[in-house]
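Note that chain A is present in both complexes that follow, paired respectively with chain B and with chain C.
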Partner chain A sequence: MPSYELALVLRQLPRPELISVIKRTAEAIFDKGGIIRKFENLGTRALPYKVSEHGVIHREATHFTITFDSAPTKLSDLKEEFGRDIDIIRRHIFKLEEPEEHKCTLHDEMLPPSYRKDVQEIIDIAKRKQKPKYNYNSGLDYYPFQK
Partner chain B sequence: MLRAGCQLFNQSTVAAAKTGSNNFALEFVRWRRKPRWLPVAKSKLFRVPERKKQSEEERTELMRLHNHYKTQLRSVRQYLREEVVRQQETSTADHIVLTPEQEEAEFQRCVEINAAWNAKIAIEREKRLAKEREEKVAYVQERLDARRVREEERRERADERVRFEIEQSKSFITRENLDAAIETALANPVDHNFAIDLAGNMIKGRSTQPSSN
Partner chain C sequence: MFKLTKLVARNANVGNLLATRHLLPRSFASAPALNEKEITATSQQADEPIDIPNPFEKDPQQCILCKHNITPHYKNVKLLSQFQSSYTGRIYGRHITGLCKQKQEEVEKAILRAQHCLLMPGYHKDLEFLQDPKLFDPEKPVRPHKY
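== the complex of A and B ==
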């Protein structure tokens, strides 16, 4: 089963109700045969813009993420179920991917252009494309080719 | 050119050329004539050209010359033919006359040479085929080994992943420890925001102040 991350934006609630909302969400995942790996509480914070959901306007919300494994076919059911929950303002499911391996090449990029490898390759290509040119001071007093 | 030459003839010659009753066989067909693909004119349809009269002595003279020519040519041809036949009978320039025994011996010699060549080529072919067989066996073996190694690596990776997941599963959240996990999560809010200063130090959190050192 692939790993997913459910990002929830929850209505501002007292603690017991908040716990019950999260529990409800987790139970829904369990009921669909999912595995929960991790909970993360990102805190209660002002929303970037006012959000109207289920007929109520929200300006502050609790952000919470659940990392879980589930069958991909169950995701639409989960989304539908969370969409019906009036305590959930926003819900998004992202696929968890292996972090990409980055190698820092800043040192090479900061070199002067003539020392950079890509620039050297470009110069090589330009040199290859240059046509052989007749040298005028080679002793002949006329141009030996067709003009 | 012909048109220019045509103008040199006097009127009567041109008239004669047009009618076709000229003394020499000169008929202009390029100019002032009907095209070649048109049929014979109606007025010339039943015209029978007049046959040239030959006098008796002219005819006998021509016949005499003709007979002379034919007789001479026939005699030359006969002489040449006889010469060729004579040449073929006497000379052995283009073929060697052999007795049947000699022919048989010659044939045997050719067969032996052919057999020797065949034997030589067979040895070479055997060598080449053996080498090709060996190469093929080595190639197949190499591919099989590579496949085995590949499979082993794949299995190793899969086993690694399974071990990792089994290790991870100890920290999975189940229905039993759900309440405790929610409590813990709510008690420990996390913040993934960070900032980097010019020295490359990472300052985690939204409201963390950089330490004044």
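== the complex of A and C ==
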């Protein structure tokens, strides 16, 4: 089962109710056969703009993330279930991925254009697209190509 | 490099021999031809161009995120807001940020994620981060603007 991260934006609630909302979401994950790995509270703060959700305007919210493992086929069900919850303003599920090793390519990108590989490819394509050109001083008294 | 040291060592040997010959001419009188032969052989080799990597080559450039080995993440809002215009909230391009292609892509992806999760404003920079140190100057781009 792949790991996912559920980023929740919860309505501003007193603490006991907040706990019950998180319990509800966690149980929804368990019901779909998932495993929870981590809870993370990102705190309550003002939203960057006012958000109208479930007929209510929200200006403050609690951010919360749950890391869990689940079958990928169950994700749409989970999203649909969280979408019906009045206390959840936004829910996003992101796949957890290991940061892959990569070498900085800035040096190659800062080279003059004719030394860059991508520019060289473009020049090659342009060369391939060029039509054969007829030299008029080659001695033929007719034009050998279609005009 | 090893070749060079070897060469230097050999030259030093020859120099020593020459010096001793000047000091003690009689002792070497019996075998001058052998010594001379050796000198000519080494002088031929000393003229040859040496195969060494360019000692004046600069270290390859690295972008600021690769240098400090940072992977941008959507919860790291403080870092991401440094790549955002404080006037319009738009993400600065690669020609301004001076990042390599992959890191720029990761930064853009992370900023969009953070904005979807209501962690980051889209039309301005978060007021908390307005006084943060500047990583680059948008007035002086690394490569010229498109306009």
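Methods note: the second predicted complex is superposed on the first by the 101 of 147 C-alpha atoms of A that agree within 3 Å, B and C clash if a C-alpha of one lies under 4 Å from a C-alpha of the other, contacts with A are read in each partner's own complex, and residues count from 1 in each chain.
Assume a contact is a pair of C-beta atoms (placed from the backbone, for glycine too) under 8 Å apart; a residue touches a chain by one contact, two chains touch by 3 or more.
Keep in mind the model is a prediction, meaning the values are calculated, not measured.
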Partner chain(s) touched by A:V51 [first = chain B, second = chain C, both, neither]: second
Contacts of A:V9 with chain B and chain C, given as first, second, both or neither: second
Which superposed partner A:A26 touches (first chain B, second chain C, both, neither): first
Partner chain in contact with A:A61 - chain B first, chain C second, else both or neither: second
First (chain B), second (chain C), both or neither touched by A:P144: neither
Which superposed partner A:H102 touches (first chain B, second chain C, both, neither): second
First (chain B), second (chain C), both or neither touched by A:R90: second
Which superposed partner A:L42 touches (first chain B, second chain C, both, neither): both
Greater residue coverage of chain A in the superposed arrangement, chain B or chain C: C
Residues of chain A that lie at the interface with chain B and also at the interface with chain C: 42
Residue ranges of chain A in contact with chain B within the complex: 15, 18-19, 22-23, 26-27, 30, 35-43, 64
Of all residues in chain B, those that touch chain A in their complex: 168, 171-175, 178-179, 181-186, 188-192
Chain C contact footprint on chain A (complex, rising order): 7, 9, 42, 47-49, 51, 61, 63, 65, 89-90, 92, 94, 99, 102-107, 109-110
Chain C residues within the chain A interface of the complex: 60-63, 66-67, 71, 74-75, 98-103, 113, 115-123, 126, 142
